[in-house]
Amino acid sequence: MGANANGSGHFARAVAAGMYAHDNAARSWGVEIAEIRPHYAVARMTVRDDMLNSHGVCHGAMLFALADTAFAYASNSENRATLANSCTITFTEAVPAGAVLTAVAEKRSRGRRTGVYDVTVTTGKGAVVALFRGNSYEVRGESAPGLAGPRDTSED
Amino acid sequence: MGANANGSGHFARAVAAGMYAHDNAARSWGVEIAEIRPHYAVARMTVRDDMLNSHGVCHGAMLFALADTAFAYASNSENRATLANSCTITFTEAVPAGAVLTAVAEKRSRGRRTGVYDVTVTTGKGAVVALFRGNSYEVRGESAPGLAGPRDTSED
Amino acid sequence: MGANANGSGHFARAVAAGMYAHDNAARSWGVEIAEIRPHYAVARMTVRDDMLNSHGVCHGAMLFALADTAFAYASNSENRATLANSCTITFTEAVPAGAVLTAVAEKRSRGRRTGVYDVTVTTGKGAVVALFRGNSYEVRGESAPGLAGPRDTSED
Amino acid sequence: MGANANGSGHFARAVAAGMYAHDNAARSWGVEIAEIRPHYAVARMTVRDDMLNSHGVCHGAMLFALADTAFAYASNSENRATLANSCTITFTEAVPAGAVLTAVAEKRSRGRRTGVYDVTVTTGKGAVVALFRGNSYEVRGESAPGLAGPRDTSED
């Protein structure tokens, strides 16, 4: 069996679980981490009434919040503490209350310290509503401190 | 007296008040619009526990939320409906719970349809924690529908 | 035959040829448009000695130049005059003199007036050296003025 | 006398001179470094015919090139080798051939490894034509290798 791939998928999920337990913000927004693999994450969120702006549609910052969360879980999936350095987002369509949004984060590049991840935010109907790009920066430390390393999960 | 300048400052405040009354998101984050002038806005927010990420510091998306709100009020200050097209943010320092953040949004450019606004987010101690740049896009319609136009406020 | 598809591929190439004839900058950089389809373009450039920065590697602005050119041809491929509003680029690897670079531009989104295109710049060996994202803005007019419209090319 | 300030101004100019001697690209574009201080640079360039795009105006990439050069000299002014990680540019006005452009680069933030610099590009008439923001990343090494350090220039 593809032990390494399974192992690292298992490990990535353990990192995500460790992070999520302390991620007050993601939990307060109702963001769920639906899928996680090394350098890849899918996050979901339902647009609540308290997320609407003065035009009555989802505030752009909540689209950013969902995308940024997916970016954080994808870029920290190997338990090497990784921060957002700079992010850019383009809003392509208005999103009504009640919409269920999905953000898919994928690695585009990862060097020794810096990385780039793209996040696409879509509605249930598949419309792209925001395109996010995150530039990451790796620092010392673990993303989910105290978690056993990938090798220890090889029995998955 | 500087009727025009006062008038437009008064008008900008009326637009902001009209927007804020419907801005569920800004109110749910506890964001206050502390100051408003044409193409200029100051917004404030206190970092709550439900805004912290897994590292125990303010989630980057909440810095974005504050900055984006200041951008929205600055760019809509003349009651011409103006949306964010794309935004970029660089995070320069971690922010602890309880910090009182100030975002100052200023116009850098405004053409016929597009504009650029810079927002600087600082703590009470003056440390810059995030630098945001918003590219705006003007659409048809009013920011605060039904509000009397600037000319009608000249008796301010 | 797939008249529309062929027709628009043919038409996109005609637009590109019309643009390229007047594109002093692209020609002075030695940029070639290697492939063109609706909302898709591939551009190539060899890194010359006069493109090196003080570190002796390709100046980032020349990576931008190649990517921006691919973006321009992709976003103008339907002969609707389209400008760059804002662009972002992340540099992921240094590029030596003599490298042959390829930029592939693809549409991520296109609305009534605004659009988003991603451009990936790679070396001959497949290494990603820059990731570019362009936010476009459509204005009145044609990209290659005077060109016959798509329907007139149906005999291709 | 303000030894430190003078010294570092003198030193920044020496770094710039050391860089410029090897900066083939900047010289090929006719970019001049008009002013240099720690974390601040002014660069100038005249728009030549070989810099025009298919619309007959200055190619956006040449505005980027000028801005990026100013950014490089400002961010390397203390002789600590500093690279562009990601950059964003917004184009605000078309620039005709023959225009003399000025780019002013200023530090907005500089941490242990990362920094942010803003560059404003204007014409002789003062119109803002492009707004550039550069996120820098410090690596090991000197910007102008072999240059004596700041302390050795204190007799300036």
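Should a chain be cited, it is by its letter among A, B, C and D, assigned in written order, with residues numbered from 1 in that chain.
Simple rule for what comes next: a contact is a pair of C-beta atoms (placed from the backbone, for glycine too) under 8 Å apart; a residue touches a chain by one contact, two chains touch by 3 or more.
The model shown is predicted, which means the values in this text are computed figures rather than measured ones.
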By C-beta contact count, A-B versus A-C, the higher one is A-B
Note, CA centroid farthest from chain C's centroid sits on chain B
Chain A to chain D, mean C-alpha position gap in Å, rounds to 35
Averaging C-alpha coordinates per chain, one finds the centres of chain A and chain C separated by a number of Å equal to 30
Taking each chain's mean CA coordinate, chain A and chain B are separated, in whole Å, by 26
Note: chain A residues in touch with at least two other chains are 85-86, 88, 90, 114, 135
Contact graph of the chains (line, ring, star, complete, other): complete
In the complex, the residues of chain A that touch chain D are 85-86, 88, 113-114, 135, 137
The residues of chain B that touch chain A in their complex are 18-26, 28, 49-56, 59-62, 64-65, 68-69, 72, 81, 83-91, 143-144
Given the complex, residues on chain B that touch chain D span 88, 90, 92-93, 108-109, 111, 114, 116, 118, 120, 128, 131, 133, 135
